[in-house]
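Dropping the structures in below, format is structure tokens.
In the two complexes below, chain A is the common chain; its partner is chain B in one and chain C in the other.
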Partner chain A sequence: MIRFLTRRRGGARADWTDWFARIYLLIGLLVMFGPVAWLALSSFKTQTALQEFPPSLLPMGQKQVALPGTERPLPVFLVPQPDGVAQERVMVRRVGLEGQFVDPADPARRIERARLTAVTPVRELHFAIENYIEPLKQFNFTRFLGNSLFVTIVSTAITLLINAMCAFALSKYEFRGRDGIFIFILSTLMIPITVVLVPAFLIVTGLGLGNSLWGVILPPAATPTGVFLLRQYMLTIPDELMDAARMDHASEWRLFWRIILPLAAPALAVLAIFSVVWRWNDFLWPLIVLNRQENFTLQLGLAAFQGELQTQWHYLLAMTVVTLLPVTLVFAFLQKYITTGIASSGMK
Partner chain B sequence: MSTLGRLIDAPFEALQRRLGAARMPYVFVAPNLLVFGIFVAAPMILNVWYAVTGGTQLMPAERPFVGASNFGELLDCDQFGVIASCRQDRFWRAVANTAWFVPFQVIGLVAVSLVTALILNRRMAWRGFFRAVFFYPVLLSPVVVALIWKWVLQPDGVLNALIVAGGGARVPFLLDPSWAFSWTVVISIWAHMGFYTLILLAGLQAIPADLYEAAEMDGTPHARVFWRITLPLLMPNMVVVLVLGLIRAVQSFDEIFVLTGGGPGTATQYIVQYIYETAFANQTHILGLAAAASILVGGVLMVLTMLQLAATAWSKR
Partner chain C sequence: MSTLSLRGIVRQFGPLRVIHGIDLDIAQGEFVVFVGPSGCGKSTLLRIIAGLDQPNGGQITIDGRDVTGTRAAERGLAMVFQSYALYPHMTVRQNLAFGLENQRMAKEEVARRVAEAARMLQIEHLLARKPGQLSGGQRQRVAIGRTVTREPGIFLFDEPLSNLDAELRVQMRVELTALHKRLQATMIYVTHDQTEAMTMADRIVVLRAGRIEQQGSPLELYNRPANKFVAGFIGSPRMNFLDGQAVGGRSVAFEGLPNLDIPAARETTEGEAVTLGVRPEHLAFTDGAGLPGTVDIVEQMGGESYIYVTLANEARLTVRRPGQTQLHAGEPVRVAIDGAAHLFGRGDDEHAITPRRLP
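This part shows the complex of A and B:
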């Protein structure tokens, strides 16, 4: 074990440590992605398919065929024929324990009768898209989605602006209290939100932001992580650029807005990604601030939904997929920036 | 576009004319500090006031001063060590659960993250892909994490299907107290390990390769290389992982709250859930007790962090 753990560079030949690493990675792939993939697959199953045990891997449903002259598609069964071979037949009527079947290729020819115990349903891949459409229409999910988008976008914009302004001052100026301010901001990293839950709620209510999306947006906007990340990056931008612009009588704001901010774009991008993920995923703080349903974010809506409708897993699974989709897309495309951003700032 | 630009510039340039360039840094830090002051610093101070006042009023001025009686109520037990004899037995149950949860979670988290980081640090194909695989759950929201696992762990879920297929009997994972507890530990590790793996990986990649080459030339045993080179040089990152991991473990709430709601019974009710429910969810809104409990938690967190930092400083000597 230790031998393998200490290897930094793989040797010329594959030994058992390489095999251990491969097996570990494969199991890791299964454990980390498996549950999410399972959820996504399940979200396309119909309500009846979800109740099967053992569950099928892929979303399966009974094959259905629309016959001319019938309103709804009819279920297809395998019906044993006199020659002993089972054929696909459509059930047109059910009488007691017996069914009446027709040949889908030639429905008018004749009606076969068979006991229901003798026939087996024909199953095919079936994606229950209605799981996604129904809750968006029937429940407030479009509203929740809109609220989440609003909170995420606005609070990320505010975070980027005020964190960048603060980082600019901390990295490019000498002024009294600068180090104190920096230490003060960093020290709040260590203050968990749980410790200040009650008074933070009072302040938000006192400012008239209770039950409003702004009460969710503003308190977490001044992130210490963002200030730290941007400050470290801006320190690497040479001051000479600013001096040259000062010669041209540019105002301090212009130095920030026109010179430093564009140059800090890579760090701003990293912070923007973080901020989007944080705000999209926020749960405890919105849970306290928002208590009217029409203001719920997607996370709150989902949590409330799962409390009320324990049995409606088909809707719940689909809405979970909708909730995790944006983050997954962000991740798929910007994975490199996220991981290097975390590695360099050491923070989440 | 440039008119819009000038529109944004104008107020700040006017400010600069009034205050002078030397005061502009204060203008730049002001918005951030304002938000900090209002929503982080002020609540810190107010929290103390809540903790020493009673009643159910939210407005600080309307709350009667009660001294240390909130702390007294939290700590008041008839028999030492018997949770049922405490006035706030829910508090002590949450404390006991958290005290069990934290060591399991943190040790598991550090171990899994370290092994994963060491494996990801090997030269191999698809490294970036696997790094992403282990990191992905970090980005998922707590609600999503909870629902994913709730679905997997259902009595009719896929895990039970595998167990039945293997010849076992179904396990009611979330209905059995000790199973539910174990799963909160596992899921919490699952959801957060990618973040800590990245921090450790960054540390591993910063270790100079020639140290290993020198050790290899000397024929140093691998175990020795690990204990004498890798681990000591990884220490700064290990400290970050331990401190952050511990602080967050004590505050575990979101995923578990949605997954189990603290149940079955009180088996997975941790300290933050106690604070949340005492202050906000119950009909009574006992804000003073919640504030007092949160101050105790804050104190414990501070002590734990200090202890860890001191231990590392001491071990370096």
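This part shows the complex of A and C:
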């Protein structure tokens, strides 16, 4: 890691281009990763901490101590003592502009009084784990998570299969109108999804798939991007391999299954990544198809936190982090394929 | 071991006809080589036999059974491809077994055949590797092994040695001949290299532009080429050709050179345009009557020498002499025929004029 970071363009000393590159990359890191880091840190803040101004980067909160005999933990303040040194005291009661404080080490000894303007709250790092636990419990977020996983996995599997079959036919067989069909499929890329939203919705309801996860899975399963990507890749698989397999008694179906699919694995991986990201992040289409809460995907669940009058930021941020995790993992493990994919298709 | 016969095979791509009605019979256990320059249709013909390509007309029979419309898989043939076409994602063992598994053969039988083929081709130690980890020669053996396990009626080879270096090519040539002897199988081999054809074939079929020019044993083709094309194609270095005119029914006149007596000229008419063909090994230097010229380049191979000569009329000849030569570039020489000479017609029909040979 250190070696990687201190790598130079060559030569014994760092060139100005090295410094330029490092600074440029550092700015890039801040711009790209900063908001994500802030999101992750903020997701651990309590609702009050979120509304603080000026905002803090770390999830800070007032230190609280549970005393015997009290129901809830009590806030801790720095209270100036007669000798001039401020000490940590727990506020047990607030009366007007004054507070009553006790020593947390010996609460029974005596009660000190101090004006609220004279004391300062003691702040400490505090992770509000409840931001995560409560929505997962109360708001059925595990259900949303399950729905999202189901939609993403099934949809990706179907996408890979039917796109690969279509690409196989378009790349390896010669038939009348092949190029026409291919161009027709590609030309659908030019139609924005918003245009087909209403007709697609009518078809889905007509088929009785309204308000069902299959209504979310099936319509976007066949993608022109996927067909294009796989076809271009399959064109590079030599035809002699297919001839060899045919001489080896392989049926056309077996040829596809045993020769073409394994050899197209890099392209399939790229499409799988794209499909996972598309389906996982998809908001508009599920919003239209799904209207019962038990069928919601994560993205719809997240939107539910944003009310007309009030937004529950702490839950929203925490669940956004949950939503980001799977996609981040996919990227982390398959980034090699992503670069080749983007390089080969020019899409992302 | 199967027999094959082709009747009037025609293949065209759009308006372009690449195979013009080929008739051919191949006997059981025969090693037949299709040879010809690029684009002569030899590979297309092989693909038609394999069933990977369909002819536009004609009939293919294997062991007397009409297989013209039958799919490649059901013809019982096996093929070695120019690029080897090994499945890159499978190990050598899986490559060898794939064709057998597709036939739903019992596991023990598959294992037995793979082991046997691997032993025969000495690739046992490579069975667990992937094709990407093999050298060219090893890939070649695996590709051959894949056909051997299938125990096919006919082996088809599509320029299998063209991707190997010269030394390995010679070695594989010998091994293929040995394999043919051992398996006693019918083999059809396509190449553009006449040396491969000469060294391996029982019978050579010379193709040009989708037609069979001549077929026969290697020596038949070498000794009695049916036309100028075959004469030029078979034999290395290439046969020398001199354009001339038949004179007096017994000799040939060349512009700027003395006449040569050629018995074959008896079959010609007076003044007919002919081409004299003499192989480099059938030329010699003489002190007496001969064609005058100058030595251009001398290539000493040690065991033999090639001498390139420019004649007085600017025509060029290659002379091949055994042993080493004392000749140097620029030396004047006289070249005489010392062996067989061939006479061919000229123009559209470059057939050989009988009797084809001297003396």
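Here is the rule we go by: the second predicted complex is superposed on the first by the 269 of 348 C-alpha atoms of A that agree within 3 Å, B and C clash if a C-alpha of one lies under 4 Å from a C-alpha of the other, contacts with A are read in each partner's own complex, and residues count from 1 in each chain.
Assume a residue touches a chain if its C-beta (ideal position, glycine included) is under 8 Å from a C-beta of that chain, and two chains touch if they have at least 3 such contacts.
Because the structure is predicted, anything quoted here is derived from the model rather than measured.
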TODO: Answer with clash or fit: chain B and chain C placed together on chain A by superposition.
DONE: fit
TODO: Give one of first, second, both or neither to describe whether A:98 is in contact with chain B, with chain C, with both, or with none.
DONE: neither
- [ ] Look at A:218 in the shared chain and tell me whether it touches chain B only, chain C only, both, or neither; answer first, second, both or neither.
- [x] first
- [ ] Name the contact category of A:263: first (chain B only), second (chain C only), both, or neither.
- [x] second
- [ ] Examine A:248 and indicate which partner it touches, taking first as chain B and second as chain C; both and neither are also allowed.
- [x] second
Task: More chain A residues in contact - chain B or chain C - done: B
TODO: For A:238, decide between first (touching chain B), second (touching chain C), both and neither.
DONE: second
- [ ] Specify the angle subtended at the CA centre of chain A by the CA centres of chain B and chain C, expressed in degrees to the nearest 10.
- [x] 70
Open item on the list: What does the superposition give for the shortest Cα distance from chain B to chain C, in Å?
Closed with: 8
Task: On chain A, positions contacted by chain B and by chain C - done: 251, 254
Open item on the list: List the residues on chain C that touch chain A in their complex, please.
Closed with: 47, 50-52, 71-73, 77-79, 81-83, 85-89, 98-99, 102-103, 146, 150
TODO: Would you pull the chain A residues touching chain B in the complex into a rising list?
DONE: 2-10, 21, 24-25, 28-29, 31-33, 35-36, 38-39, 42, 51, 53-55, 161-163, 165-166, 168-170, 173, 175, 178, 181, 184-185, 188, 190-192, 194-205, 207, 218-222, 227, 251-254, 256-257, 277, 280-284, 287-288, 299, 302-303, 306, 313, 316-317, 320, 323-324, 327-328, 330-331, 335-336, 338-339, 342-344, 346, 348
Task: Contact footprint of chain A on chain B as seen in their complex - done: 5, 8-9, 12-13, 16, 21-22, 24-26, 28-29, 31-33, 35-36, 38-47, 49-50, 58-60, 115-116, 118-119, 121-124, 128, 130-144, 147-152, 156-158, 160-161, 164-165, 190, 194-195, 198-199, 201-202, 209, 212, 222-223, 225-226, 230, 237, 240, 244, 247, 251, 253-254, 258, 272, 275-276, 279-280, 287, 290-291, 294-295, 297-298, 301-302, 305
- [ ] Spell out the part of chain A that touches chain C in their complex, as residue ranges.
- [x] 238, 240-241, 243-251, 254, 258-259, 262-263, 265
